[in-house]
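So that you can tell them apart, the chains are marked A, B, C and D in the order they are listed, and the count of residues begins at 1 in each.
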Amino acid sequence: MSKTPPGIRADYRRFLPITTRWTDNDVFGHVNNATYYSFFDTAITHFLVQHSILKWHGADHLLMVAESSCRYHSEIAFPDRITAGLRVARLGTSSIRHEIGVFRENAEMAAAEGYFVHVCVDAATRQPTPIPDRWRRILEAAMTDEITREG
Amino acid sequence: MSKTPPGIRADYRRFLPITTRWTDNDVFGHVNNATYYSFFDTAITHFLVQHSILKWHGADHLLMVAESSCRYHSEIAFPDRITAGLRVARLGTSSIRHEIGVFRENAEMAAAEGYFVHVCVDAATRQPTPIPDRWRRILEAAMTDEITREG
Amino acid sequence: MSKTPPGIRADYRRFLPITTRWTDNDVFGHVNNATYYSFFDTAITHFLVQHSILKWHGADHLLMVAESSCRYHSEIAFPDRITAGLRVARLGTSSIRHEIGVFRENAEMAAAEGYFVHVCVDAATRQPTPIPDRWRRILEAAMTDEITREG
Amino acid sequence: MSKTPPGIRADYRRFLPITTRWTDNDVFGHVNNATYYSFFDTAITHFLVQHSILKWHGADHLLMVAESSCRYHSEIAFPDRITAGLRVARLGTSSIRHEIGVFRENAEMAAAEGYFVHVCVDAATRQPTPIPDRWRRILEAAMTDEITREG
């Protein structure tokens, strides 16, 4: 539906397989638009959990979502299997832009693409604060490293 | 978290009360970012169902979501009650831009704001097609009419 | 669909209005069976949060769900408004049985009914432990008090 | 949390891998109780879609859920990978009892177990009707055949 041409798998650096669910399909028999954000969220938090950036409790710094967006190119429907492609597109002093592509089965072109902007905040004050050095090193590596298949 | 200043209730034309759910809260104890799109979706489809634009089956024309976006200003958490404000912001030949604000309890400023771009397609070919006249009259009225409290 | 005759509003003691969402409807155009448990969960946690039994963090005792069940009598579909009726049906040393009825719009008969069994556990050991006295007094009152409309 | 001892993988006949999502976790950092029903639903509809029993539109017969239930044995949390085990436990004139076990990563014992009772109804009248012969043959085969790994 979106006029922007879809990206391809080679545009992304990390890949996470996600299984669709019966409840993902809405009345029109395809995955509901809101559900794509849950795919985005899952791909990003999976990466952050793997690198101990996201912790359930007791963290000094938190990443809060400031903005998110999605362009829908073609339909997906349960029981399709999908893959979420992920890349860190921009790294500011206290912000991170993650970009995500959702690929249906073995398709080369993305069915949907979007982004999340994370802002790093102090867990106590909830005010923006520079991204900790350990996180920055992991995120910088994620911007440049070889494609890795996760999952 | 977003730097854009939040809108206020007077920026919107239709209002739908929505009750939050326990499962809306994620590990961080606030409504998960993806869930806001379900609020958006609910406000828009509620309006479209009320005016017989959206039908479950047998429609000649469908509205497909081409793009969606959200900026998050402040947190919401179950058991907060919220209100979704809705306005039709732009009406093209075959596209509609809906804008939505999510307001926590009695707050005047939006906790989150976003948009959905709908494209009108032929139900059979799934190709973009002009918005039917009956729909256009309803959508134009929605752009200009008085504020209506729904629900 | 269930053969057991549906209960009525007078069978329940507390009532919480819940708004349905577009994504609640599945391919068959009615609220998906799994979503009823989210209604149950919301009604129970709303009651527990109101009485400071459920806390996000730092509690000495937790309530874990040991069992849940639902019988479906008739269909509900977005944009229906529903009401969840709640009663504490049984109170053991360390367990609580909550029963819930889901009522469509102004219907007297339940569209669905079910239960949740909570077990009180020590937050540190996760082993069953007697329900704290303050909780027991609230739960006993909930078994006998007058009908209260919440929300 | 449930006192009934958990079943094991060998108790089930078909297996479907399911990936957990960030939004599955609730405030307590584990998969919310309601979400297990979405796993059940996904395992059952996957089987029914594969055998052309469940169709989106145009079916003469529908399967409606009359009852569902779950016992929770141990916690699951994103990013755990899980497998849903499925068996057809009972086949009546117009009803089917599906039983499901949810297994965490490589665990032999189920983290949760439950059932769904489906009633076959005439699509037009929504009244119970005998299960069509083609469906019955597939369901009988599912009760007796060898273990099959799906997905």
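Rule of thumb we're sticking to: contacts are C-beta pairs under 8 Å (C-beta built on N, C-alpha and C of every residue); 3 or more make two chains touch, one makes a residue touch a chain.
Note that the structure is predicted; figures quoted are calculated from it, not measured.
*Asks:* Farthest from chain B by Cα centre, which chain is it? Let me know.
*Replies:* Most distant chain from chain B: D.
*Asks:* Rounded to the nearest 5 degrees, what is the angle of the rotation relating the C-alpha atoms of chain A to those of chain D?
*Replies:* It works out to 180 degrees.
*Asks:* For chain B versus chain C, what separation do you get between their C-alpha means, in angstrom?
*Replies:* Going by mean C-alpha positions, chain B sits 29 Å from chain C.
*Asks:* Starting from the mean Cα coordinates of chain A and chain C, work out the distance between those two points in Å.
*Replies:* Distance between chain centres, rounded to whole Å: 34 Å.
*Asks:* If you look at chain D, which of its residues touch at least two other chains?
*Replies:* In chain D, 22-23, 27, 29, 32, 34-35, 38, 41, 56-57 touch at least two other chains.
*Asks:* Provide the residue numbers of chain A that touch chain C in the complex, in ascending order.
*Replies:* 22-23, 25-27, 29, 32, 34-35, 57
*Asks:* Sort out for me which residues of chain C touch chain D in the complex.
*Replies:* 1-3, 27-28, 32-35, 37-38, 40-41, 56, 62, 64-72, 116, 119, 121
*Asks:* Name, in rising order, each residue of chain D that touches chain A in their complex.
*Replies:* Checking each residue of chain D against chain A gives 17-19, 21-23, 29, 38-39, 41-42, 45-46, 49-50, 56-57, 78-79, 81, 151.
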